[in-house]
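There are structures below to look over.
There are two complexes below, and they share chain A, which is joined by chain B in the first and by chain C in the second.
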Partner chain A sequence: MADNERVLGVIRDAVEEINSTLPEDQQLEFSEETALFGPSGALDSMGLVNFVVAVEQGLEEEFGVSVVLADEKAMSRRTSPFRTVGSLKDYIHTLLEEKQHV
Partner chain B sequence: MTPLERLEQVFQEHAGDEALVWRDRAYRFGELAELADDVAEELERSGITPGSVAALEADFSPSGIAALIALLRRAAIVVPWAGTQPTVREKALRVAQAEWIVSCQDDGSVKCVETSQTADHDLYQKLRSQRHPGIVLFSSGSTGEPKATVHDAACLLDKFRKPFSAPRTAAFLLFDHIGGLDVLFFGLFGHGCLITVEDRSPGAVLRAVERHRGELLPASPTFLHLMLMGGYHEQYDLTSLKTIAYGTEPMPDTTLSQLSAALPHVRLVQTYGLSELGALRTQSRDSQSTWVKIKGEGVDWRVVDGMLQLKTPTAMLGYLNAPSPFTEDGWYMTGDRVEIEGDYLRILGRESEIINVGGEKVYPAEVENVLLQVEGVAEAVVSGEPNPITGKIVVARIRPSGLDFDAKELRQRIKRHCREHLEAFKIPVRITFDDEAQHGARFKKIRAASNNSNAEEADLPVEKSAPP
Partner chain C sequence: MSNLPVMVVTGARKGIGRYLCEYYLERGYQVAGCSRGTSDLQSDRYEHFEVDVADEQAVKTMFSALRRRHGGIQALLNNAGIASMNHVLTTPMKTVRSIFDTNFVGTFLCCREAAKVMVRQSHPRIVNFATVATPLQLEGEAIYAASKAAVVSLTEILARELAPLGITANALGPTPVPTDLIRSVPQEKMDRLLDRQAIRRFGEFRDISNVIDFFLRSESDFVTGQTIYLGGVS
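And then the complex of A and B:
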């Protein structure tokens, strides 16, 4: 699925952007298993805020749609979409599909 | 002697002195006095009685000033209206319950038109019972309804009763602004000369200062920043200028130190004026400092929970359309958060403009100050945007210096600079660029409406984890 690569590309860019602001020993790796936010995650709340906005901006550039990742819907999910790169990717797919059906 | 009687005396004693420069022509006090008499006759003919509420659509023209004086002498309640905000005019005139609209014609005469409204507000009744003239000013609050403040003109002008001399002053502020009116009356009572400008751009204002030997320039930090950025101060002969009085919004440290370096012969002082209280006298610690002492006869201040409260003899009677902002014992709650050092105060900004990021406070002015240090940034406006993770996030709208810029590169440069100078939670998360000017007719920053929406914030699920 081509979209999968494009979404991952957007997340990769955002990870790189965040890494450029983090010290050497706190750098995020990039894989679907990479923990983002949570007990084992590398990001604090400001890091997450910045990361999420970076992904939103990336998606807008890549897909030409404006997607809000951090909203009440995302926050009220039992499992946060911001746990790992993989869960975020899945959540983005869900949102993009919803957009296409509207 | 009432303040208006004192003014009459000044007009007689200084009939031959320059009172006003308008469209590059000088008008003497004697001419203004004659014009005021003409307007008085017209008011009489039209049937504007003492206690009437009259909107005065005017600027600092000879007939505008004459009409203001004539209306006050008639003990009318004047609503000055400079016409820079046509979209809210109808609403403002309705809120003020204007019974008359007095406007200045091109030939220098005034036209009086009666409206269908009746002004019966309690505050108006109070003025009428004392036979005092009134002035209604709209509070230039950044968002929401404009609030109409009612002043007893006798109290507002009382501080000018003692003889003094005013310098030649450029009229940068507007006719319907507390600072603008203060400058006008300061000049009239102090038999100084008011130098009016065609528009409020740096070029027009500095040209007027050069041409008419202006000594005092009251201006906003935004205007001064634009002036420095465009190098306007280098194009005009400003040797006559002795003082720049800045106010109406917080002064960025960067702008202040640039200004002091660019115009070393000019004394820089901060003013502090509020539509609700009148313009207060202040004393800056020095030209490079934003710390001020609030002075003035009968003016008292205190700080409660970090917020400035003031008691002044020039305070308004109240709002026409909002609850009283005074404490029970008569202190005005400014809504300005301040720091104290001995007798000196530093105004950090409006409490309502503070952005709450996960429980941490961010002052837009502080962030804007850092953004302005970045090469390629011409103007910066910082505001808050709702965010479910931290409640609010800091966002910045930037006007780049040139049209030719790489957005991605500039954004990175800005963030890098911010990381060196600001805590993480203060760094703008979202940075957008546009080339529109970011100031209104008052040369004051326009911040997005979202930063005042506390109700909106309360509805959002806010994660309580504090930022690092």
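And then the complex of A and C:
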């Protein structure tokens, strides 16, 4: 999975962008286990929306493809692909693979 | 990248959309129009995208291109719309899907993708297009009126969801304006329709741009989720 680091890089940049808007005590750390959205996640629904925009734009710049991060489970606190950095990374890989097969 | 405010007008090739492109070009906007066909509008501040508003990937690509070229957009006028007069009992399913695809799905997709590139812009505005056919419950317009009722409902909730981002979302409901959309409607039916307006005349293009001007003003940042009908229809 050669793209793994590139996808993680895009997510890392988006996390940094969100951190620049959050107070000191609410900063997100960066690891695949970092909880983004959900019971222990740092993002509320507006935070998630801003984060999604940052990741979509990052993917476009890094991979030159426009993907839509929209999922019927997006707002589910248990099964959302935006639960953790790791689950988001897997979800993005699925979307990028779908793009390559079109 | 210029500092001009950037506006997107859907359904830009003809009719109200074409007028709005020219009107806002005159007022100093950088205008991006889209339609399924080409446009012959010439201006160094106009760019045209051949995009079907119901095509998710095409819409996404258009707004991404505008973000790269201009850094973002300030205004979206969701003018693209189609109508088809028919009795409910003789309306084909294909027509229903096609009207909902352009009028509702197209509006939704453009709102979703525009909002993403409006973040951090000054006074970002979304203006959707409703119709007096909805409150007047016009016979023969069931599917068209229903698709626009969905647009009104979308606008009202969009207003709440986008308020934290500083984006306002409103709609205007024009009365019939003499364009291609109503060319096939019999005169007698038009007269009956005009009789139900408080002010009994056809709408003009300037009636539409007047309401849009109001929504776009920076002072209108406390106005959102509203639908303004023209001609005294409510």
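As a working rule, the second predicted complex is superposed on the first by the 94 of 102 C-alpha atoms of A that agree within 3 Å, B and C clash if a C-alpha of one lies under 4 Å from a C-alpha of the other, contacts with A are read in each partner's own complex, and residues count from 1 in each chain.
Heads up, the rule we're going with is that contacts are C-beta pairs under 8 Å (C-beta built on N, C-alpha and C of every residue); 3 or more make two chains touch, one makes a residue touch a chain.
Just so you know, these numbers come straight off a predicted model, no measurement behind them.
By the touch criterion defined above, A:Met75 lies against chain B but remains apart from chain C after alignment on the C-alpha atoms of chain A. By the document's definition of touching, both partners, chain B and chain C, reach A:Met46. Touch counts on chain A: comparing chain C and chain B, the chain ahead is B.
When the two structures are aligned on the shared chain, A:Ser66 is found in touch with chain C, with no touch to chain B.
Legend: residue contacts after superposition of the two complexes on their common chain; A:Thr21 is shown touching chain B, with no touch to chain C. For the contact definition in use here, the residues of chain A common to its chain B contact set and its chain C contact set are 46, 49-50, 53, 57, 70. Every residue of chain A that touches chain B in the complex is listed here, in rising order: 20-21, 44-46, 48-50, 52-53, 57, 70-72, 74-76.
For chain B in complex with chain A, the touching residues are 357-358, 387-390, 393, 412, 415, 419, 424-425, 429-430, 460-461, 463, 465-468.
Considering their complex, residues 56-57, 60-61, 64, 67, 112, 116, 119, 164-165 of chain C touch chain A. Chain A meets chain C in the complex at residues 46, 49-50, 53, 56-57, 60, 66, 68, 70.
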